[in-house]
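As written, the chain order gives the labels A, B, C and D, with residue 1 at the start of each chain.
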Amino acid sequence: MTGFVLTPRGAFDARVDLTGALPGASDLERLSIGYGFRRVALGDLFSVSGSGADRLTIAGGSPLLDRVAAGLTSGELVVDGDVGAELAKGATGGSVVVNGSAGAYAASELAGAHVTISGDVGERLGAAGDGARRGLSSGTVVVGGSAGLRAGERQRGGVIVVKGDVAEGAATDLIAGTFAVGGALRGLAGRGMKRGTLLLRSAEGLSSGFADAGEHDLVMLRVLVRRSEALAELFGEGLTRARRFAGDLNVAGKGEALIVSA
Amino acid sequence: MAETTSHDVVCPFCGIGCDDVTLTVDGAAVTAAEGTCGRAAQLFARSGAPAPSARIAGRDVSFEEAVAEAAKRLGASKTIAYAGLGTDVDGVRAVLKLAAKTGGSVDHYASEGMFRNLASSQRKGWVATTFAEVRNRCDLFVVVGPDPSKAYHRVYERVLPATGRFVEGPRRVVFLGGAPTEDAKSQLEGLSVEIIATPEGGLVDALSQLSALVAGSVPPAAGPEIKALAEALKAARYGVLAWSAASLDDDGDLVIERAVSVVDALNVTTRAACLPLSGKDNLTGAYHATLWNVGFPLRVGFRDGVSDHDQTAYATANAVKEADLVVWTSAFRPELPPASAAAVIALSHPDTVFDTEPAVFIPVGQPGLDHQGLAFRADSVVGLPLRRYRDAGLKSVADVVTLISEARA
Amino acid sequence: MSAVRIINGRVLDPANGESSVVRDVVIDGGRIVDAKGFSGATETIDARGGVVMAGAIDIHSHIAGGKSNITRLLMVEEQRANREPKGDFCGCGGGLSTMTAHATGCRYAEMGYTAVFEPAMVAANARHMHAEMKDIPFLDTGGYVVLGNDDFLLDLISSGAGQQAVNDYVAWQLAATKAMAVKIVNPGGINAFKFNQRKLDLDEANPHYEITPRTILTTLIKAVTELGLAHPIHLHGCNLGVPGNEDTTLATIAATEGLPLHMTHVQFHSYGTEGDKKFSSGAAKIAEAVNANPNISIDVGQVMFGQTVTASADLMSQHRNRGIASPKRWIGMDMEMDAACGIVPFVYKEKSFVNALQWAIGLELFLLVEDPWRIFLTTDHPNGAPFTTYPHLIRLLMDKDFRDEHFARLPKAVRKHSIVGELKREYTLEEIAIVTRAAPAKILGFKDRGHLGAGAVGDVVIYRDDPDREAMFTKADYVLKNGQVIVKDGEIVSIAYGQTHQVAPDYDTGIETKLDRWFDEAMGFKAKTFKIADDEIRDGQGAVTHATTRSA
Amino acid sequence: MILNGVEIRDSFAEAFPMVGTRLIITADTPKWAMIAAKTMTGFATSVIGCGCEAGVERELAPEDTPDGRPGVAVLIFAMDIKGLKAVVPLRIGQCVLTSPTSACYAGMEGGDVVSIGKALRYFGDGWQIAKNVDGRRIWRVPVMEGEFVCDHESGTVSGVGGGNILILGTSRAETLAAAEVAVEAMEKVEGCILPFPGGIVRSGSKVGSKYKGMFASSNNAYCPTLRAQTETKLPPEVASVQEIVIDGVSFEAVSACTKAGIEALVALGRDKGVVAIDAGNYGGNLGPYHFKLREIMA
């Protein structure tokens, strides 16, 4: 089954709030969505084709498409192209694939879905939104490119994988969970980390509250790469050893950064 | 018209709410007396020249024409950013009502610092205090980060006189990661003033350590000064951590969150509170009025009459990027609207000198000079009654916005 | 405004001794007039099959002010989930336990309420509260100024300045804050918490001023009695929520020595320490004391299950409760040598022993206090529950089977500890009219509200006489505000604004010299800035000043 | 029924429901995985005295374990979930947590759950770390050697306990030899364990006793030395009887295991001293599971 396909009728000249446009939504064409400071029917902006409740494809993305897959509970949502802010925010299930880049707060407060973004993401990947105490709490997000400021801020669980570089303040106030970076850190990473694990290629860019705890053969690493395809892909299935840095000791944190040499 | 002098005038600008200003008004000319802080005196002062005409694209027009043009532009726009919001509570209410009708985002131009505060207060909460409590109870006052008196000129004079009703012995003032200005030093004369320097960008770590220390842990990197400060705070009867959120840098939210947790831990055994300062040009009033009318703390968007809150998308800096029309209100000072590609309707201070001439300019009166109104003090609780002291033919933002709203139909 | 004649309705007007009399009610010029002698009404409303009552009055509901804004700030999820839809009369607000000004007015009006009083106006925040109340449509409002923790007063009492000076100060505060009555919250306790005292019982001395809550309470009771305020001291007593506080509550009743006292949200003050959990119902004892002391009136502060947020000036209690916040966040604030506030979001759970027993204790109080003129229907909005639960509460009081059905859902241990199941009383419609209309008007001293006699304001409600009393009181068929139809078939149909009620007893201006000095030295700003001017209330329009014995 | 000279008696094994779980114990070497597994399933022959019945199910190759190290699957059964919840963390805590290089994982999903790390993490005294990956949570508990890694909890299954066969043989030596052959065949069946020493119980018992407080006692009808004094089930040529008890994750597993045992015994035949195969039961009134020997072999 191909599922529904949304094809933009033209370029957008204001932000589009796609809240509610999910696989399985009934009467997509008439779904009321935000367009700038008006509400319009989804059918005004997109032509809707195909059928099937399990899958929804947006054939033609745009950085103006906000809240794509926000609150997704099941099914698959695929975007050919870029998306805007709050991709898959609070999604509890299903999977999201973006063949392009995403804006700020991608996978923010994710709670169980699997999100893959082939390109870059903006600031606060997997972070807590306004007023929320916790960021991504379960599920997985994999970013093929690089991530913006404060990726993983207040992450509470789950797995974040960024294959490229991560801007300043990664894992700020991270509470728990696993955050893996294939590229470089740009500084101030892990500030305020309470618990949780950073899996890194280099300790360069960690904040000053981390202290070296030596090289270790960790059985846990073997389990991680066997249970997480994304981590296996990044670090190889033979992963067994890492250098452990503990932090953020300034906040009496019990988190760790595990440096996996290439 | 004879020159009149008014005493005990309330100053609406920075949010400290001094009410000992002496204004001399002669026709439209205004002078603020010595004793008022320099910034306020400058902002109160008016030359006496007649108010400028309303303008459309730089062309002088009648007030009515300008209102009609503004209404027309509102009707023709898709994406409106209501920005500035430097006005009294009634002005804010009027803008919110109009925005609900036209759709658009609403934010105050000085709200950046406030949202750094909200990152903690909205998310986890805090224990805060007000000026009079600090004035009478605070025995250890910790200034977190840059000296707030740069923005709040008379803050120490107001909250830290040499003696406090319930303070035994001299008050201690500690500047953590900042240093007092010369003016601050003179305001603080007679008090014990210490400075704990932090390395560049090290304020977050220093406060992290302080927070861990007061909660009973010993972070390995904590230096003796931070350790001593933690002990002093635990021993203080009413310790206060104060900061100006706007003068902190991009990590300000993290600084604040840690300061809040220091206070939280202290309150288990003794008393302590935060004094978060943010409130220029009635920011606090705009925050309050938006909360009670809309349910959200500024940075709201109206879409088909229904409101929504997004601290990123509806922040002025982001909203103007998407907007085709910016409605700028700045009645307290000649503040310039943010640069953007959008057309601007400026309901502005009559002395505003624009870089780019707005599509519509309507000069408005200053609350607390040209009309009465309500503003809020920077510690959030106290409302400041603003009175009218002259008639320069300038309408209030509330009146102008209401007229534009009526002209839309 | 044209005159309106309501015909064929069953009029329920306990203040005038009318219970279920079918007669016309005519409103002309915003006031009720004698229907028999009046002709010329241009609009007729047929109330056949309906019950006609005066607009309801809530004497205790936290609807405005700084603490309400903090609740909105903290409960952003609730705000997002409860948005007012677009409509002709939309103010674009929302919320449930944290309603915006507009939503507050709408939701109250739909249920037939036309006057609501904010019971915790901290003096320093009074200007804010009045500005906010101006934006609440449909409702008459007013605030009770919070005294009894203000350093000026405590200093006055402890320095032996005498009752007269206290009376002058209280009168000055009422005038300066444009208040309707005096509220005391945890007398002396909020102040003591600022000196790091964590608990203060009725006869325990404040660590600084060395005076007890009893002294503060009795001094202020005397003050409002001597000033001749209609509404007695509105007291949130010591030890709110503390198991065993029934003793404090009984001692407080005894401390009045026969002078009038209104005790608020008494449910939170009726706890014993019996049983395994050391938490039990003190409702029977408290109700017995209320029954035996005609000078005492109470409102209940009923708890209902679900998410709400607790907002109180009692920071001492709220700091104690911070650990049970849900969601996990709370805000406390010391305020201006005056009082404080503490905001703690909370979920009352049916399966929790303590919460379920709180629910039962509230109902026990309602059912055991005999005189409906001395008990008021409140949830201490939003502390016990949002006010929108009133219709459900009314049905619990009127319908024993319904009540028993809900009681049966509670944990067994709670049912063992509560007598709700044994109580047979069912409130009559007339009793509901008393506790929601006639009695509140009386306790606030209103002559022209809470009844349907000639001269009363034209705040009139028509309810469909539905045997499901919850449905009946959820949406009124008609609500008229000053004779204007604002609700029809449970929907808002037009906008109207109410008035702000206040008192202004006379005082010896000598007190002003002292206060000027106090403000200059202690507060750091001027007394004249603090004082609210007449033109600040509803833009100079819509304030009503009620007479007191010592009137200005 | 007589197969290869061996009488398959018209009898049945009567078995009871038990609740069980599978755990996977790994270590750096097969040796240490097996030591941990054997230790943690030791003293677990009968619920009557041990609180559970446990045994090694099979060895696992590195590619079949959650951490890619050599491993051993064990099964543990108890009479009810409460019993299992009590005994599993206790045994892991004493025998796996302590055993060098070991880790312990859930071996099944679904059903009620028993704690592994959920209970054992507290050994970490606050230094324990949880990791959630792929919807599953593991715990890392710091130990002197490095870290003890374990799953949060394991699923359970309603299994069958007390399946059995009785081997009636011509001599003590031949009967034991036959029983060993049967055990070897039965151990290959997945989903079953033979909880007694070497899989064999020579003191197969009857229910109850003349002595108060004894739940089981000498099965006199099968005791060769008592044939003159009591009603006996033994033909004159039988000099010795061995029992093999089977616990399994399902009726089918126990049934298959029973069959494997009987087949091995039948292959030995009367010539190797196997006279008859019988099974222990209580008349069919106590246990809901009946393994009818002739039906199994039909």
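Definition applied: contacts are C-beta pairs under 8 Å (C-beta built on N, C-alpha and C of every residue); 3 or more make two chains touch, one makes a residue touch a chain.
Quick caveat: nothing in here was measured; it's all calculated off a predicted structure.
J.: Between A-C and A-D, which chain pair shares more contacting C-beta pairs?
T.: A-D
J.: Measure off the straight-line distance from the CA centroid of chain C to the CA centroid of chain D, and report it in whole Å.
T.: Chain centres of chain C and chain D, defined by C-alpha means, are spaced 69 Å apart.
J.: In angstrom, rounded to a whole number, how far apart do the mean CA points of chain A and chain D lie?
T.: Chain A and chain D have C-alpha centres separated by 47 Å.
J.: Averaging only over C-alpha atoms, locate the centres of chain B and chain C and give their separation in whole Å.
T.: 33
J.: Provide the list of chain C residues touching at least two other chains, using ranges where the numbers run on.
T.: 76, 328-329
J.: Using the touch definition from the top, which residues of chain B touch two or more other chains?
T.: Expected reply: 118, 122-124, 302, 304, 309.
J.: Please list all residues of chain D that touch 2 or more other chains.
T.: Not one residue in chain D touches at least two other chains.
J.: Hey, which chains are touching each other here?
T.: So the chains that touch one another pair up as A-B, A-C, A-D, B-C.
J.: In the complex formed with chain C, which residues of chain A make contact?
T.: Contact set of chain A toward chain C: 130-131, 133.
J.: Touching chain C in the complex: which residues of chain B?
T.: 8, 10, 17-20, 89, 93, 96, 100, 118, 121-133, 135-137, 158-159, 161, 165-166, 237-238, 267, 270-271, 273, 288-289, 291-297, 302, 304-309, 372, 374, 376, 380-385
J.: In the complex of these two chains, what residues of chain A are touching chain B?
T.: Answer in residue numbers: 13-15, 34, 36-39, 66, 85, 104-105, 128, 130-133, 169, 172-173, 188, 191-192, 207-209, 211, 248-252.
J.: Under the definition above, what is the set of chain A residues touching chain D in their complex?
T.: My answer: residues 112, 138, 140, 157-159, 176-178, 195, 197, 216-220, 222-224, 226-228, 231, 254, 256.
J.: Can you check the complex and tell me which residues of chain C touch chain B?
T.: So the residues of chain C in touch with chain B come to 64, 66, 68-69, 72-74, 76, 79-80, 83-87, 90-95, 98-103, 122, 124-128, 131-132, 135, 151, 193-196, 208, 319, 325, 328-338, 343, 522-526, 528-529, 532-533, 535-536.
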